[in-house]
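Labels run A, B, C and D following the written order; every chain starts at residue 1.
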């Protein structure tokens, strides 16, 4: 099966929880953003309460968590924003 | 008949029209602010269009043009304001 | 109580004057002489006022607005005399713990100040000068 | 396009940047670190951001608001990093020929920036620190 390479970025609370700002992922073709979130949840109990990612960004734009990931995508899960 | 002394202040367009910033008036007791306006109108054709004074202030507060003037009052007619 | 000045307005000093450590926001409004009015070119504006009454009227408006926005701190300064394009004629600063009161109080202040404070302006442009609001 | 900075914000420079000779008003909004939040004392706030996306998102919001207030000129700067009580985290300046658009555009900008721009804050007080908005 074909694999896609995706760069996962973690900010703010997610960086604290995962301990990493950036991770290179090799995923099965057909993986969706929400699948990556589920695997993060499986690894980090502190994410258990969040069945869905708060928000999802692909290539620096908001996207559906159901979007299929393509080779070279930059994926970020966006915790509740608090700018201003 | 008793007389009251009133100080009439003119600002902005009214000072330009009357040519005076300040006038001491000696008025019959019982004179109202609107009577003073009428005598100004009689003297200055440029005020003809204004049957009533735009606004009236007595002793630095807005007042009715029907207010009786008392000795020592400071009277001002307030052209349309344009602050800010 | 001195809400009137004959000098350029120092908006930064006004901000410093109102801000408290509990304030999370401030809104600064400045009215500025612009180069046009009602389709005519404007070069300068002369501001006249009934000074003691204008002071009292601004103070009264501030009291009213402070009652409506009880967490807002407020400062108002209006400049008088001859101003040119780009000069600020009025500065209003409102600070508050949350931004809503700062915006609400600032907007209410400028709207009311324009309605009742005895201040007048004579606009001067290439076509002559006139007192704004006076129908000849 | 650089709406993010790691340095103190110079609001006066922002004002100078937007003002045109046809503008009769400007509204400056600054968000400031306050000494409390939800009843807890606050000493400092650390701002983190997904920088390139935050830049794009702020630019997108500015474009939207500029379409809704077509006579407004707009500038926005958000500061990142460690800020203390009294420091400004964001400054927004809107100028326009008439004051209504300045107020309307400024309020719309801060409301929307708070909703969607990927910026986060970690509040620190005497009782510890936490990421605002994250339910543990």
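We take it that a residue touches a chain if its C-beta (ideal position, glycine included) is under 8 Å from a C-beta of that chain, and two chains touch if they have at least 3 such contacts.
Predicted model, so just to flag it, every value in this text is computed and none were measured.
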| item | value |
| --- | --- |
| Furthest chain, CA centroid comparison against chain D | B |
| Whole-Å separation of chain centres (CA-atom averages), chain B against chain D | 50 |
| Distance from the mean Cα position of chain C to that of chain B, given in whole angstrom | 27 |
| Between chain C and chain D, centroid-to-centroid distance (C-alpha), Å | 24 |
| Touching two or more other chains - residues of chain D | 31, 110 |
| For chain B, residues contacting two or more additional chains | none |
| Category of the chain touch graph - line, ring, star, complete, other | line |
| Interchain contacts (touch definition) - all pairs | A-D, B-C, C-D |
| Touching residues (chain side chain A, partner chain D) in the complex | 9, 11-13, 15-16, 46, 49, 57, 60-62, 76, 78-84 |
| Touching residues on chain D, where the partner in the complex is chain C | 12, 19, 21-36, 85-86, 95, 97, 99, 102-103, 106-107, 110 |
| Residues on chain C engaged by chain B in the complex (per definition of touch) | 31, 47-50, 52-54, 56, 78, 89-90, 110, 113-122, 131-136 |
